[in-house]
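So, here come the structures, one by one.
Heads up, the next two complexes both have subunit A, just with different partners, subunit B and then subunit C.
For the complex of A and B:
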């Protein structure tokens, strides 16, 4: 008997295959977007935690200089004599032609196995690495980039991240011109009974292995961002599933009654329906995970570009399939199905065996539901405002986003039904008045899809506004920061000093770009020295500061700090800041420094040379008349003898930055579009199911003299009107969303605040896309209606219904 | 002559092959007259009304209304005919659920651009639905709904009313009073009324009675 009953239940899907497709697609899309995003996150995290542990040898304990500067060889020798098992490392960035590579110079003989970055299989390996020409140990990609720009033999190690190389410490010392100053010391597991560090080398501090690295915490914000998007897409997908299951239950009401009246118990009916849902969830979950895999592998190159652009971390552009995605993906599919079916199951339990389908009662219930939803929405919006005012931290920022979006979505049906009510009361003709009344009656069936649409559209507007604001600010900032026409890098200090003699007379001014690194306020940061030049006075993007700050910088112990350092600490204008080497400078200004995850300090060039005499003096910005740029470049190559790749002109630098930037947001753009597509699909499926129930409502109008194509046209107008109303509602929600992203989430995530710029033209474009999607979503149902067989309309009037 | 059917034939194609419902129907209906179309269930009464109402086309013969063959009209022409010349009353009432009773009553008249508040007020008065005007169709009883449907039809001032078992969903007493009202009103408006029913008792209330049997009309 169970088999027979199950067969009856399941025959519904054979009868309505499109509904089945909708349901499966809904779960699959939701799961796909979710698991795709999770896959990207997991892959990226895994790869840079691997990178960090290799490059920073973060699993090993280390000694670093207390003042953030290098460690003299004498200190190293003292430690070894005292019995400490330490191994020296010299580390820094080096340019091979135009490719910048992070060099990690190690002493292969004393370095513990885990710190070597590759497996040493025997003495030939050791000899090749440490003697003669030496060797650069690099990843496949880095090797490809270095091909032909260096004489040093390359050896490929699959474990290494891109843009980094392990090499012998002696060679690193030469390439980086460190004169024996070490970056850090790796500490091997120690024998007990050693003299304490404080007594041997008080200038060093001990850093134990396995500590979280700062890259992970920075990129967390990016992943949170992606996860939020994945979750949004999942919610939109749930709307589809919810309406599809609801409909399949609604349409099978009479079947349920019949089954129960022939003796199938409520329990076994419920079990059968659960089994059905489980099967569907399994099927669509598997599809969804596969979809997610495709999505992730398509988007991953964009994500790695984003991570490289924003944080300078590198992630391989390929994906491996992990079992945990299958698990979480299927889990989400089951969860989603369960959530969206629970209300229908609950209704089944409350449904009496007899009593015919009470349409009006159902409509009244849905009126009440609209109101309750709206109250919930208002509460959520209130919560969003409170959180925005009182909350702190990234999580609070995302909570504001979430409650804003869902609150607005919940308020939408009431807003739309009020609008149609007003439109009806304003309309003159019987016909327009009917049109609005009828539209209001369709709302309960469409509101889920429209809510999904609102979410997708406002996410689009919000994120679009954020990206455009970012773009505009960033490009403006680039113009300010890249004020010099040419940037040159000398290969050696000797060449640099020749260059300093050669340039005067040929250029308007020479701006040294010299920097040192060290620890300030517990962060490892860069310290730049700037010349006293009008270029900075005219262009540098100052946020706060005294009017005479450039004079103070040139003559006194004064410093500018970037916005990140300013927001992340309690150092304010006029306070003293302790810089590496123990000297103090007064903070005279704050400047914006977009895209930089770390703090930065600017001091006068004189102070830089006085306090950090070892600073490399290789890079210069050159101010020349724009029309002389090409000639100067030629002279630098031909007359002076600088390789062309050591000269970068401002225009191409800007172009490169712009490319990095565009790639950075390509992923967001793709996710945005996908979310919109899912919402469009939700609308399509709702329109299709509604159109099936429309005939009884439209047949009397046909009988009173409206043509089928008039009715079809009305459906189109109605759909477009609803989309348009939703779009109008999405604009303010989207702008609020953008504001939250720029003023709350961005500050918490990156440490800087972006000015918001509004781009109404982008909305028009989005509106046009939405309009096309609206027309597409209504195309099939309307074609059906326009060509419906009159016999189907007549059946409505047939006495036996 | 308002309605004139000559030699009308209609068959449907079904899975079991074509079935002929109407063979050769001849029927005439003059202004001010009411004719009862009787016959067993399945004899083709609804089919005939649908042809007369311009909802469907005959296979053979002609359906003339006010001298014009409506079988020859295209889709738009028939829509216009339904809007301006004919009024349909169904067993299921077929009111528009999303608008009020008042809006339902004036709806067809406004579509036909013949809205006349005085005539409508008179109708509302005679139908006894004045206290229901602000309600929605779902809040009415069957008899009340059918009164509203009749009001809707008459408000548009058609020349011909086609009623398909209008009392079929009503109890006997309600059905009788609804039918009496319909007859009184169509006489008052000097309309032609063709009413399909399987009840001989109701058929006897009309001016004339014809029987549909075997696809033919017999007196």
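For the complex of A and C:
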């Protein structure tokens, strides 16, 4: 009996394969987008924590200097002689030619195995590592980049992230000119009964292992961003499932009644339907996870480019199957199916056994519901405004985004029904009047799909505006920032000194690009020294500052700070900041510094040399007449003897920066498009649902003499009208979204604020894409309507309803 | 000589299996001509103290090696070992992290039930490990041998030893009024028929008082200790596969140092009889017969833990038995080293070290 009943229930799908496909596709798409995004996040997070655990030995406890100034070797020896099992690390960035690599100098003799960053596979490696010329342990990619720019033998360790090298501490000490000042001490596990740290080395503080690392918190914003997108897509996907399950239940009402009548209990009927849903959820969940995998694999190279461009972190472009995303993906599939089917199941539960199998067209939803929905939307919009005014932090920023989007979506049905009401009252003919009334009547059934469309469209407009504003600002900023025509890097100090003698007379001016590193306001940041040169006065992108700031920089203890540092601290113009080495400088200006995740300080060249004499003096920007650039480059290579790879011209630097930028937002663009596709699909499935139910409403019109073709055309017009109204509504919502992104989220996430620029042409493109989606979605139902058998229309009148 | 094999193979293991010449050809800073950059022991060179208690960084390998046979008040017997090896990747000292000296510490305590071992590694030049002569101190991390201030003639006459590891620690006071013993030819000790040699002197006459702590329980101990000092630049001959070394305190106060280097042939035997007043007699190799009498399985290999030693010229025929057969030094380069008891025509205690098994 049960088997037979189940067979009957399930036969529905055999006759309506398109509906089955819609349902499965809906869940699969929603799950796919969600789990794809989660997969990317999981991969990136795993990669950060791997990088942190390898590069920063983050799983192990560490000792760091209380004042942030580094640890003298004597303190290390003192700790060892007191029985502390600590191991020293000297690290810092070093340039080989034009390639900057993070050097991590370790003492192989005392470093616990888990802190070595590579498997000790056979001892012969170690002598090469720790003596003579030494060895740089690097990843494959880094090795390729270092090939030819260093004499130090390279050894490839697949465990290592890119742009980092492990080497012997002695060599790191020499290359980084640290004179024995250690960066930190790793504390080996299992140290029994030690004298207290305060009594041995009061100048150090203990930092226990396994703490969240900088990169992870730095990139949190980015991942939150992706998650938000994934969730948006998921919600949009659920609209599809909701309408598909609703439809399947509607159409099987008579089946349900028959089954109940022949003795199937409500309980077992519900169980059967649940089992059916479970099977469908499982099937589409698996499909969705597979889809997510494909999506993530496709997007991951873009994401890793983004992360490298924005945060300088390195995430491999390959994806592994991690339970944290495929399991949650499946979970979301079940959850989504359950949520979207719950209303239909509830209705079934409440249905009297022998209720007539009358089709409850969804149009029965009352105006009251629309109104309540709209009130909810208004409340959310109000909350968004309050949050924007009062909230702080990234989560608040995203909460503003969420409230804004959902609030706007909830208001949409009321807005549309009001519009149609006005249109109806303005229309004269009975036919037009009927058209608007009918449109309004259909709104509740379509409203979910339209809301999905609104979400997708406004997200597109918002994110698109943000990216385009960013691009415009960034390119302008690049022009200012990269003012020198050529950038050269000497290989050694000796060569640099020769270069300084060789250049005058051949160039208009030489701008040293020298920097030191140290802790400022609790952050490890770079400190640049700038020459007193007109280039900076004319070009440097200053956001805030005194008119004579360049004079002050050249003559006094003055400093410029970048926007990130300025926004992240309470240091304003005119305040003093303490720089590494303990000296103070007055902040005289703030400059924009896009694409840099960290704080930065600029001081006068004289101050840099005076306070940080060990600074490497290898890099220079050269100002020359544009037409002389090529000649100078040739001279540098042929006459002076600098390798060509140590010379970069402005144009190619800009080109590289642009590529980085475009890659950075490629993922956002792809997700945007996918969300739109899902929304289109939602529209399609809603149309499909409605078209089946609309025959009874259309039959009388047909009977009154309207041709089927005209009826179909009317459907198309209606769809286009609704689409257009939704699009119109999406524009202001999208612009608000862009404002929130630029003024709140970006500031929190990146530390910089960009001016907003509006690009109406982009909206037109988007509108056209959405229109195509809407037309496609109406195509199948309309075709069906245009070719419907007149007998079916007639039967409407004959039927029991 | 003892320990040469060990330090050599430790350095080989820790740093490289690469022959030195090959390492050198990769370009040690300041090393002009391969292994020849290191100094070599020369016969007839007079050792002078306290300078020679310190490190000889122009030689490739060197050690400070103490073994002690200890007895608790209740009669239980123990052994203790404290060793500091120095191994140079290049001759000479350099300041800071560029110093080419590597230091290795081994500490052990042996009871009849368990053998406790610990190892430490450190680079030179930064104060983590090293040796000073006046006052004498040899240290690596928190392990050290310190010369105690007193009316001693030599800096090594009064020493304090400290070391610890998992489940064990010890603090031992060593004292003697007897002179140092120069091994071999006035401190020049031949190592193989092909002429490899080292500088080698000992202080075998220490009386020991102190405490050992095993698994949290303190035990007061007393006994005898033996210190070896040796430095050289020569790796062992390539055909030498391993090494059996004895240091024995006889009850009458006399001492015996004997070793056999194993090779494919008859091996290279060297022995020194030290009378209770410190006079030494180099025994003829053919006068010293060393043969294993019993093997035991230690860490999956057969180790000759009991030995018969005969020296016909001295009418000596003794049998050695280990306090603990499983005295396996599980260090970077593993070897067997532990206390022994001696019986036969003379009785006493001592230490046995065996490598290459």
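Convention: the second predicted complex is superposed on the first by the 652 of 801 C-alpha atoms of A that agree within 3 Å, B and C clash if a C-alpha of one lies under 4 Å from a C-alpha of the other, contacts with A are read in each partner's own complex, and residues count from 1 in each chain.
The definition used in the following text is that a residue touches a chain if its C-beta (ideal position, glycine included) is under 8 Å from a C-beta of that chain, and two chains touch if they have at least 3 such contacts.
All of these numbers come straight from a predicted model, not from anything done at the bench.
In the superposed model, A:109 lies in contact with subunit C only, and not with subunit B.
Once the two complexes are overlaid on the shared chain, A:170 sits against subunit C while remaining clear of subunit B.
Using the contact criterion defined above for the overlaid structures, shared-chain residue A:708 touches subunit B, although it does not reach subunit C. Contact with neither subunit B nor subunit C is seen for A:7 once the two complexes are overlaid on the shared chain.
By the touch criterion defined above, A:441 lies against subunit B but remains apart from subunit C after alignment on the C-alpha atoms of chain A. Contacts of A:794 after superposition: subunit B is touched, whereas subunit C is not reached. The part of subunit B that touches subunit A in the complex is made up of residues 46, 50, 53, 55-56, 75-76, 79-84, 88, 90-92, 94-99, 103, 106-112, 115, 136, 138-139, 164-165, 168. Subunit A contributes residues 73-74, 76-78, 80-83, 85, 90, 107, 109-110, 123-124, 126-128, 130-133, 169-170, 173-174, 179-180 to its touches with subunit C in the complex.
Residues of subunit C that touch subunit A in their complex: 12-18, 23, 26-29, 89-90, 96-100, 102, 121-123, 126-128, 139, 141-142, 164.
Interface residues of subunit A, counted against subunit B in their complex, comprise 359-360, 363, 429-431, 433-434, 437-438, 440-441, 697, 699-708, 710, 790-791, 793-794, 796-799, 801.
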